[in-house]
Amino acid sequence: MTNSVYRKIEVVGTSPDSISDAIANALSKAAPEAREGWFEVSEIRGHITGGKAGIYQVGLKIGFKIEP
Amino acid sequence: MTNSVYRKIEVVGTSPDSISDAIANALSKAAPEAREGWFEVSEIRGHITGGKAGIYQVGLKIGFKIEP
Amino acid sequence: MTNSVYRKIEVVGTSPDSISDAIANALSKAAPEAREGWFEVSEIRGHITGGKAGIYQVGLKIGFKIEP
Amino acid sequence: MTNSVYRKIEVVGTSPDSISDAIANALSKAAPEAREGWFEVSEIRGHITGGKAGIYQVGLKIGFKIEP
Amino acid sequence: MTNSVYRKIEVVGTSPDSISDAIANALSKAAPEAREGWFEVSEIRGHITGGKAGIYQVGLKIGFKIEP
Amino acid sequence: MTNSVYRKIEVVGTSPDSISDAIANALSKAAPEAREGWFEVSEIRGHITGGKAGIYQVGLKIGFKIEP
Amino acid sequence: MTNSVYRKIEVVGTSPDSISDAIANALSKAAPEAREGWFEVSEIRGHITGGKAGIYQVGLKIGFKIEP
Amino acid sequence: MTNSVYRKIEVVGTSPDSISDAIANALSKAAPEAREGWFEVSEIRGHITGGKAGIYQVGLKIGFKIEP
Amino acid sequence: MTNSVYRKIEVVGTSPDSISDAIANALSKAAPEAREGWFEVSEIRGHITGGKAGIYQVGLKIGFKIEP
Amino acid sequence: MTNSVYRKIEVVGTSPDSISDAIANALSKAAPEAREGWFEVSEIRGHITGGKAGIYQVGLKIGFKIEP
Amino acid sequence: MTNSVYRKIEVVGTSPDSISDAIANALSKAAPEAREGWFEVSEIRGHITGGKAGIYQVGLKIGFKIEP
Amino acid sequence: MTNSVYRKIEVVGTSPDSISDAIANALSKAAPEAREGWFEVSEIRGHITGGKAGIYQVGLKIGFKIEP
């Protein structure tokens, strides 16, 4: 149980609707190997289209356990 | 009125629902002495459970006035 | 088409309701010249009033193309 | 009253006398549009002339409300 | 004598007059438990009122020895 | 179980012997209220005495759950 | 001569050819008001097209003197 | 088209000739899966051999779209 | 020999005993493809259990050569 | 005139009186070789003695031209 | 006694055995002029040889008093 | 062979022509003692003269082995 090791990957999720949708997309589509672990938001950006926030882009660092 | 002084503390609030719920929890439960003041979001993290965002963890720096 | 140049400005939007409302306010009221471009969230802060998050303040760096 | 938006600009003030003089110069000469707002010191530098501090250069980020 | 431990707290002092007055206020009013120790300036900010530096706000991290 | 909140404090532990001793001292003497939680090493410093590392000083940020 | 003040702006220049071309484009097209001053490279990015560096994007902070 | 997700990887390219050659090498040899995307220069280093810059080493963060 | 390229990955190793054990675990279990290269410690954290340092968690950035 | 090169050194000056006195001391006593050049304030710290700011410690990075 | 000035230098010590050995080597071999003073660990890196931590490299900033 | 120690110095090289020329100047003129070692680019700046990049200034941290 002790001495576990973890891998960290970095992904970007997007959503036209909200920051949490962008996080959900990143987890489900860009990091399918990360079933149990944690994420850290590294940046929140977005497109501006016609003077409005078009698409949110949320960068995530994701850590997950490596099974032996 | 001038020469006020402020104390800053650091807390983490959590919520399974949203980032703003995690902020609200942090303010109401972890910083009851901070009735009037300001907060600065220092980190946004979360658990991944079953490949989905499980619980949001939001770190806050909180400043509030010290009454003489 | 190549060799475009961009200007970056910094603004703060506010909202009593949510972080994304604060972003929307910043884009529509503080950066009307940025019709097409991108934004980067640089800070998330807020007022505490009566022990609750009063007003969200979201700092944005905004980039937009300079027309020749 | 709520939903105010702010613009942030960056300036450098100088003074041969002191850091606060350099701040005062920056505010009065480089940011005349900022009548009410706030500043954040981003850097303190200076010239060395004949082995002594010659001129202080103080970088400021300045935020001020955009009137509708 | 060896193996001492220290606590660090964060405060903000203000003064309409000078940066060192703001530091002095922070130490005397916001950190009375810190009789012997050290401080680190973490930020220098201020209000702008009528186009002038109104009130200096100086953030300090303060470290002091914990008596056993 | 969900919606827990945490407080973060900052301490410095010292030891003439090793970095891990300094961490252990910080936890046992400077943060007795932190029974269950986590720490993050924020800085590793030390005294030099007679040209040798005299005393290690290790800064820690410590997070722990606030019981309701 | 002393007590000069400076304004700082932020721009992004691009070039398909080189980093210095991107800097030159930024100065000539995005900052025409900066005739005499200095620049600081804040980021170097680029497009990848067909597996190759397509267009360099160089962010610059530009400082220039404000004439009274 | 919306809701795209991206993976970010980190590589180091080298070249005895120039910084842009080191970037080109990194993209073609270390990130063959990144056909369309973007890069961000994270560090520029190099060897010194005989008192001269021997080999440039350029660190890149590379982002590219994950095809569903 | 020149023009080598390198990949960088990020891992976390843990150990109940020491920081160097956590580094050794990370290298042997989480980065088996990195036979020759370098590492950079990016963070040192740990669990607190019963008021003591329970398990050290050491984050590493690992670089290794990509064979052609 | 062009192609000048500069050396940068780092010093700490102290003063019981003020931040600018600490800067002046650093320049005159710790960097006598820097007759013409520039300085950048890297940190402002101090001792606390009897609950008051005892001695200011100001860290400076100093750059000066190397004569051929 | 007051108004002391300090010089800061930067060194890297190495050891195949441990982080504290690398610190000790740096102090005794790379900074013999620093008899009394302080150090700050600025980075911890290492070689990987045969999949194991080969040699620890520890960067130190060292401060020491300049005798008048 | 093991247990080597290194000194790090900081210099700025300049060139009217290119970033790599500025690096070459820094190495040959400002760091003649660094025959074998490494460099890290810490900043890229420049003069603006007549609206164009006049002189590149490249800051380098240079590490080199200390011979026993």
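So that you can tell them apart, the chains are marked A, B, C, D, E, F, G, H, I, J, K and L in the order they are listed, and the count of residues begins at 1 in each.
Assume contacts are C-beta pairs under 8 Å (C-beta built on N, C-alpha and C of every residue); 3 or more make two chains touch, one makes a residue touch a chain.
Quantities reported herein were computed from a predicted structural model and do not represent experimental measurements.
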{"item": "Partner chains shared by subunit G and subunit L (touch criterion as defined above)", "value": "H"}
{"item": "Chain whose Cα centroid lies at the greatest distance from that of subunit B", "value": "L"}
{"item": "Cα-superposition angle relating the copies subunit G and subunit D, to nearest 5°", "value": "120"}
{"item": "Rounded Å distance, subunit F centre to subunit G centre (Cα mean)", "value": "44"}
{"item": "Between subunit B and subunit C, centroid-to-centroid distance (C-alpha), Å", "value": "22"}
{"item": "Residue list for subunit I, restricted to those that touch at least two other chains", "value": "9-10, 19"}
{"item": "Chain-level touch network, classified as line, ring, star, complete or other", "value": "other"}
{"item": "Chain pairs that touch, as defined at the top of this document", "value": "A-B, A-C, A-H, A-I, B-C, B-E, B-F, C-D, C-G, D-E, D-G, D-J, E-F, E-J, F-I, F-K, G-H, G-L, H-I, H-L, I-K, J-K, J-L, K-L"}
{"item": "Complex contacts: residues of subunit J adjacent to subunit L", "value": "2-10, 61, 63, 66, 68"}
{"item": "Residues of subunit J that touch subunit E when the two form their complex", "value": "18-19, 43-53"}
{"item": "In the complex, subunit H residues that touch subunit I", "value": "9-16, 25-26, 29-30, 55, 59"}
{"item": "Residue ranges of subunit F in contact with subunit I within the complex", "value": "19-20, 23-24, 27-28, 31-32, 34-41, 62, 64"}
